[in-house]
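In structure tokens below, several structures.
Okay, so chain A shows up in both of these, paired with chain B first and chain C after.
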Partner chain A sequence: MNLMAEILIQVVIAFLAGSLLLGLHRKVMARVQKRPGPPIIQHLIHSLKFFFKETAFPKTVSKVFYIGITFILALIWIVGVIAGPVAHDSLLILFGVYAVYKIVEHNSGSSSGSPYGKLSCVRAVLSAATELPLFAAIVFVYLVTGTMDIGEIIAYQSVHGPLFFSIPLAAVMFFMLIITKSPYSPFAITKDKVLISGFETEHFGLLRGFMHFSESIAWYVMLWVFLTIFFGPLNAVGYLIGMIVITFITGFINATTPIFSPNHSVMTQITIGAICFFGTVVMIFSGVVA
Partner chain B sequence: MLDYMIYIIAFVVGSIAGLVYSYKQHGEPFVDTSLNAVAAVVAVVGWVLAFNSGNVILSAIGFVLGGFIMGERPGYGRKETAMGLIIAIIVYLILKCYSMM
Partner chain C sequence: MASQKIISIILLVLSTIAILACLVINCDAWIVYTVAIFGIPTWVLSLGLLTMAKPAPEDAEERIKEPFTGY
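After this line comes the complex of A and B, so read on.
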């Protein structure tokens, strides 16, 4: 198939599947809390609605930056789709996508001029604590498989079995990133309700639509990468079941835990990351991991 | 991947149509929990077609029908969707066993 057509199809799938999964996430949280919750399709309708709403610009914004950042946010996750599901390229590109995403989150808050956005921007710097376990997880995948290439990691797993069974603590580190990025997460300090909607507070209409579009794609890409590098090779049904199961688990966790304060959030992430890091090192050097 | 995109778009279209239709039918401030026979038949036909037809167009029609019932107003279409999914999975397993013999 033509590469551009493949990219377009994968982006549409990522957006729609990501939106439906986030809708399911909200539904699971509601059911755990004994509420009926919105329909699963609601997150998608909500995202589409923003594209047709009036776009207002607060007086305090740094305009070029404020507008540009939303398009960059959408663009970097489209790059994530290209590097992951389309090209099966290097994990380092996906790490780069995530790192840039953190920078964009940071700048999105600061460009608005709103105190809520600015405080969210400061917290985005703190929440970069999740990148350390992510990088460690990628390094362990490299140490075990000898490659960063997703296609080769899939080939390795088809011979030696899923990496989840050989380096489970690395999978836990990656899973912590997924929990962190899920809505209403205990680690979601940048979108704490104390900050209204955090770095998104002052983005309206079309710009907020692009942010929702990016969030949906981000959720799909992160679940895809997790399933691919720890449970691969999977077919479409395997991905569907895996994504639904992870969404259920994160929904359950988020429905039953309060949002941590920034200090507790960072310390919890670093502690879990450190335990998993040293655990995996011990497993590798004691010969448990071949 | 084109077929998966068609399926997911079909499901989304069906869900939105189901939501709009359901709110027009049920505007009351409570949920009627009784089983809707017509919706159950639509759900069963939809999910069986979606999982077992082996044809992109028929599967897409199945996802529209399945999505229509699944996407109804919260509280409606749950039992019907569960029935449809269970019957579709049973039919899938029977066909799978039959093809292996």
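After this line comes the complex of A and C, so read on.
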């Protein structure tokens, strides 16, 4: 198939599947909290609706930066789609994508001129703590498989079985990243309702729709990477079931857990990360992991 | 607003042409990746800038003066 056609198809799949999964996430949260909740398709409708909403650029914003940062957000997750589902390239590229995502959170807040956005921007620096467990998880995958290449990791698992069973604590570390990025997460200190919508507060109308577009793709890519490097190789049905199950689990966790204060959030992430890190080190050096 | 509309139309046309060119012609992978990475977000953003509703002239000043409103 033509490479551009493959990229376009994967981007559309990522957007549609990501939107529906985020809609499912809200539905699960609502049901756990004994509310009817919005229809599953609501997130997708919202994303499209915002493209036609009245949009103005507030006087307080740095306009080029304010629009440009939403462009960068979309750009990095298109890179995520290419490096992941399309090319099965290196995990380091995806780590880079996630690192830039933190920069987007930071600069989206600072470009807005809003005090809520700026406070969210400060919190984005604190929440970089999530990158440490992610990096450790990637290192452990490398230590076990001897490669960072997603295609080769899939090939390794087809011979030795899913990595989830050999380095489960590394999978827990990666899963913590997914919880962190899920809506209404206990670790979502940058979007705490105390800050209205955090770094997105001043991005309304079209720009909010554009950010929804990117975040739907981001959710799909993160779930795809998690399933691929810990449960691969999977077929389309396997991915679908895996993504729905993870969305259910994160929805349940987020519905039953309040958002932590920034210091509690960071300490909890670092503590879980440290326990999983040393647990995996012990497993590797005691010979539990082949 | 007029200049924003012109720029949006130019970007939409350019990104559409670039994406279609990569669909029709078999280019090197790095060219396709570059067009996809920059072209797809440009296409979506420029289309959005054209489809978004603009405030009525009498409300325009009020809209940009009243930040921190969320949606």
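Here is the rule we use: the second predicted complex is superposed on the first by the 290 of 290 C-alpha atoms of A that agree within 3 Å, B and C clash if a C-alpha of one lies under 4 Å from a C-alpha of the other, contacts with A are read in each partner's own complex, and residues count from 1 in each chain.
Rule of thumb we're sticking to: a residue touches a chain if its C-beta (ideal position, glycine included) is under 8 Å from a C-beta of that chain, and two chains touch if they have at least 3 such contacts.
Just so you know, these numbers come straight off a predicted model, no measurement behind them.
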>> For A:141 in the superposed arrangement: first (chain B), second (chain C), both or neither?
In response: neither
>> In the overlaid three-chain picture, which partner chain does A:171 touch, first (chain B) or second (chain C), both, or neither?
In response: neither
>> Between chain B and chain C, whom does A:17 touch in the aligned arrangement: first, second, both, or neither?
In response: first
> Once the shared chain is lined up, is A:276 touching chain B (first), chain C (second), both, or neither of them?
Replying inline: neither
> chain A residues in contact: does chain B have more, or chain C?
Replying inline: C
> Is A:229 in contact with chain B, with chain C, with both, or with neither (first, second, both, neither)?
Replying inline: neither
>> Quick check on the superposed pair: does A:29 touch chain B, chain C, both, or neither? Answer first, second, both or neither.
In response: neither
>> For the complex, give me every residue of chain B touching chain A.
In response: 1-2, 4-5, 8-9, 11-12, 15-16, 19, 31, 70-75
> What part of chain A is in contact with chain C in the complex they form?
Replying inline: 2-5, 7-8, 11, 51-61, 67, 70-71, 74-75, 78-79, 82, 112-116, 196-197, 201-202, 204-206, 208-210, 213
>> With touch defined as at the start, can you tell me which chain C residues reach chain A in the complex?
In response: 19, 22-23, 26, 29, 32-33, 35-38, 40-42, 44-45, 47-49, 51-55, 60, 63-71
> How about chain A: which of its residues touch chain B in the complex?
Replying inline: 1, 6, 9-10, 12-13, 16-17, 20, 36-41, 44-45, 236
